[in-house]
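What follows is subunit A paired twice: with subunit B in the first complex and subunit C in the second.
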Partner chain A sequence: MFQIVESFGPIALAILGAAFAAIFAGMGSARGVGTVGEAAAGVVAEDPGKFGKVLILEILPGTQGLYGLLVAIMVMGKISPELTLAQGAALFFAALPIAAVGYFSGKYQGKVAAAGCSMVAKKPEQSGKAIIFAAMVETYAILALLISILLIGQV
Partner chain B sequence: MIKRSSDYIYAVARVRANEVNLLSAADVEQLIAAEDYKAAMRKLADAGWGDVEGVTDYASYLEAYFAKTWNLLVEIMGDVHEFDLLLVKNDMQNLKAALKGIVSQHDAKDLYVQSTVYDTESILKAVDERAWKDLPEFMQEPAMEAYTVLTETGNGQLADAIIDKATLERMLYLATQTGSSTLKELAERMCATANIKTALRCANTGKSKDFMMRSLCDCKTISKDKLVETALEGAESVLNYLEDTEYKVGAEKFRESTSAFEKWCDDILMECVGKARYTAFGLDPLVAYYIARDAEIKTVRIILSAKTNNLPADVIRERVRALYV
Partner chain C sequence: MAILDMKRIEILAMLSDSKAIVDLIQQQGCVELVDYSEEKFYKLSTSAAVSQFDKFHGIATSAIEVLDRYAPKKGGLLDSFAPRDDMTVTEFAKKSQDTDAILSKCYGINALYKEIQDAKVEIIRAQTGLDQMRPWTQLDIPSSFKGTINTSVFVGTIAEETNREVILSKLAEIVPEIDSEIEIVSADKNQTCLVAICHKDFAKDYEQALRSIGFVAPADPTKHEPKVRIERLEAEIAECENKIAENEEKIKTYAEFRGDIEFLIDYFTLRSDKYKALDKISMSDNVFVLTGYIPAIKVDEFTNKLESLFDVAVSVTDPSEDEDVPVLLENGAFGRTMESTTEMYALPTHDDIDPNKFMAIFYYFLFGLMLGDAGYGILMVIACLVVKFKFRLEPKKAATVNYGLLCGLGTTFWGILLNGWFGDLPAYLANGLKMGGANPMSNYSLFEALETSEATTVFLMFCLIIGILHLCYGCLLGVYKTWKHGKPVEAILENMPFFLILIGFLPLIDMQISGKALRRYALGEGITHTTMVKVAQGFVWFFDNCSTYLYYVLAAGAALTVLAPAIIALKDKKSIGKVAGGLGAGLYALYNAATGALGDILSYARLLALGLCTGIIASVINQLAAMPGNPVLFVIIFVFGHTVNLAINLIGTYVHTNRLQYVELYAKFYEGGGTPFIPLTVNSKSFKFKEEN
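Moving on to the complex of A and B:
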């Protein structure tokens, strides 16, 4: 195992971590936004007046991608020719929380927000509650982002 | 291929947006309380049913209104084969009409219904030419059997019963092919209530055991053999048997009145799809919307018919179906 890690080299490990953060968190967001987009299109097709309300719901799962991007930039900022193998591995592992949690929270937040779109379609006055339900999932993406940032700060 | 619930996200959102246009209990109460037919039509217009005030032929209007629901589902789902089990009865209705048409040598064009799974023209052609093998496989045997009964005995009731049984069996089969537990339960309830209705009718008209065996289908929640056995003893025996099953309320309703029993048969289906109100994705909300519109139109038809015949509000209230919203 150590040999595999060593064969990558510290810079490659750090870059891999940054790539994971951007790829998986971005994938989660893409899935989530895609899911809500379908539901939102359905609602707007019947009632264009609800565009504003469903747009907020559609934006919500997009944040994970931004968190992944932020972590990827922070990791890249740490890359230098003096980087040791241990530091490279640490940066790789530091990027994992937002990569994994970003993917799953984006996907599931998309489902909650899509269900929220149906709620808005039937009871537009309840759109605030639909946003709260979707925002609850965001908590875990924020926690993962926080941990990734704190871990990067330790390197 | 069974679709995943995520395949219906767009369709469910559109259906949810349309559910706001379904009549509420308050709307129905206002319709019942309307002074006369014209006032009821005005209330319908207020409830978002469009320009209906000048409509005199409400039956055609309601048919066209329901066709809009079907068109919406076709538009948003594209592939609507999941609804086959709800539509196959229309194909079988057309088969019945075609068989009776050729035997009586009358054109049954007026009896044909739209929204079918199979091409009606092909079915009519196959029946006309007695080319049973050109019919869809599940129709071949009942069509031949019903034709033989019609030509040899002229027993239209038995021929209808044979086709009805085949319809129910097909519905049960199609339900197993969908991924929807609601559709499976719906098909089971439809078959069970159809069996109960048939058994009670047979008991009241003194039909033979052979007739009943050829009319009732096998379903899980109620025993066909037991229904036949009790129906031979009389309607009261059937009701006593029902009291030991999950259809106990049906027995109570039948004792109350025939209309209360008919209402219960429809309400039990609405109860079955009612759970879809809380289902976020999947086929169930779409099926529920179809059933809800069907029940809504039945309710409006009952009210308008009652208003035309000047029936009192209490009588109408007894007959109106449970609503989805």
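Moving on to the complex of A and C:
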């Protein structure tokens, strides 16, 4: 097992971490935005005037992808020829929080925001609350992003 | 006080004046009518009139929708900021006389549109007919043709692709004795159209044989050759298409009446609202009574006006304690920018304080920090200023534009401090839009070395401290709110423990999060711009010297949290058992306060996360733009990339700033749940009343 990791070399490990962050957080966002998009299209079909309100809800789960991108870029910034194997592995692990939490947070925020769309359909004046429900899920992606950033800083 | 004081108003007047008085109330727009009923009075049923007006309203609305489709209004995005036309009451009365004529135009538009729809249905029907006839184009006899003197002819289809040989051989197996002729008219993979001929004497057996191999006669045989029917259907379609085009042109000629129709919609809204209001008044044979809520500041103006015009008896009283009095907010231009944000959460009740102007200060500060790019900020400021000076804005829209303006200013402020100018655009400008230039603006930035992990951690500490200040501010607002209700002891005991705990968390942040990084940063190694280093040194001094005292504050806060419920119970002279129960509740409150404070403070980490997000992605866009090394491509990629980045981050920032207000700040002092004040007023979209000269 260790030999496999060693054969990767430090740079490949760091890149794997960056790729994980971008891939999984992006997947979560894609899934989340997709879920909300379906619900939003249904609402707009009934009342095109609610477009603005559901659009905000649809974009909400998109931020996890951005966080993943951010972490990927920060890992990339750390890659240099002098990187040791331990540092490469550390960068890989540092990227894991946003990769995993980004995926699930995006997915579930999508579900909450989609439910928020049906809330907007029935009670448009309550859209602020729908946004808050969805924003709650994002907190954990932000915490994961934070820890990823801080961990990358430690390498 | 920003939540307006409400009074209950009761108006007693002659029945003959009822409509005129309701008209006046509607034009003044400052009274919310309340259903009033008393035994000796009866009520007017206006539902028939209301539904009539709603029907006309619907007709006018659908006429506008038709016009929107065929003769759309020209105008840009900014037109929604254009003010409504002014109209005096006399002009309104004069215009109201033409409503019948305009209504008949609406009927005209709707009739034309109905014809278009009918024609479209007709085209579909004809098209289906055509599709059925197409395979028969080559047939030169009517499909209803039955035969000559000696022969029987069968025209029909078999629902599969086949050919003459196969059919003949199948027939030969079933009825070998009959001589017949088959002619294939057309064949495709769904069906084969054919004509079969045999001697008349065998017609019956032959038909049965044909049926057994799946032959079906057409459902709708033609009297003439199929070609004739095809031509007729094609002519029908052409005619319908002409009709549609003709009607579209006719509808376009109505475009000049758009203004009148918009007026008509408003007119019927007004009438419908008025009759709904009439439903709420009570009357006897000669007088009527009307009650409602009116903002206290409007009382004099309104009653004077009413009494000068009519013989009325007006009484104004304070609403009773248990009434759900509607809420109307009155704020200055600054506080008003927050009103829609607060309304999205919930209106204040009369027990609350109006949070708008209090939260506004922090709102733009936090918003700016999360977007944190001077380039974006300046763009927002310019856009809002253009709208502001181009149009004479109505109050509500002015508040929206001012909101954008202040957000832009906050963003610019932080952008300058954090060195965000469309990411790191200055570096590329200095190097001829190519990669690898030094950023000349770095010297002016607070967090010059944000790339280093020390700077990031110091910035995180800074964000969390802003969070603590914001939360403390919420606690102070809580004190203010309860104190205002005449309960100073409760105000202090309920809010200050948490305040102290928050302050006591400061050294914990230093210890757990920023400690080593802050001290390394304060050494200032490799950092040319020293303002922030000095600030960091200040923080190090502060933490090194004050942490001990801050722990005492934390301990005091914790002790107070435990004791507060018991003290309040003692003060209210409750039994010993209640006081002891208060201690238990206090312990639980301590657990809640500790976890709550931690969660609340950490929530402000989003300030860092979102700020970094905007900045780093903006820099990546610049990098992408510079890659081809071509100025034109640079500009194209730059404009596109930054538009997308700004749009996404604007929404993110908006949502998260609101969240910090709703979840973190409001929880400290604000309840919400007030009913909005909805006066009987002129709900018009196309015009507004102005005073007559």
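Everything below uses one rule, namely that the second predicted complex is superposed on the first by the 155 of 155 C-alpha atoms of A that agree within 3 Å, B and C clash if a C-alpha of one lies under 4 Å from a C-alpha of the other, contacts with A are read in each partner's own complex, and residues count from 1 in each chain.
Quick note on the criterion: contacts are C-beta pairs under 8 Å (C-beta built on N, C-alpha and C of every residue); 3 or more make two chains touch, one makes a residue touch a chain.
None of the values given here were measured: they were computed from a predicted structure.
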item	value
Clash-or-fit label for the pair subunit B, subunit C on subunit A	fit
A:G42 touches, of subunit B and subunit C: first, second, both or neither?	first
Subunit B versus subunit C as contact partner of A:I152, first or second or both or neither	second
Which of subunit B and subunit C A:C117 touches, first, second, both or neither	first
First (subunit B), second (subunit C), both or neither touched by A:I142	second
In the superposition, subunit B vs subunit C on subunit A residues touched	C
Minimum C-alpha spacing, chains overlaid - subunit B and subunit C, in Å	5
Intersection of subunit A interface sets (partners subunit B, subunit C)	none
Sites on subunit B touched by subunit A in the complex	6, 9-14, 16-20, 76, 280-281
Interface residues, subunit A side, partner subunit C - complex	56, 59-60, 62-63, 66-67, 69-70, 73-74, 77, 125, 127-129, 131-132, 135-136, 138-139, 142-143, 145-146, 149-150, 152-154
Parts of subunit A lying in touch with subunit B, wherever the complex brings them together	35, 38-43, 45-47, 50, 111, 114-115, 117-119, 121-122
Subunit A contact footprint on subunit C (complex, rising order)	341, 343-345, 451-454, 456-457, 460, 517, 602-603, 605-606, 608-609, 612-613, 616-617, 620, 648, 651-652, 654-656, 658-659, 662-663
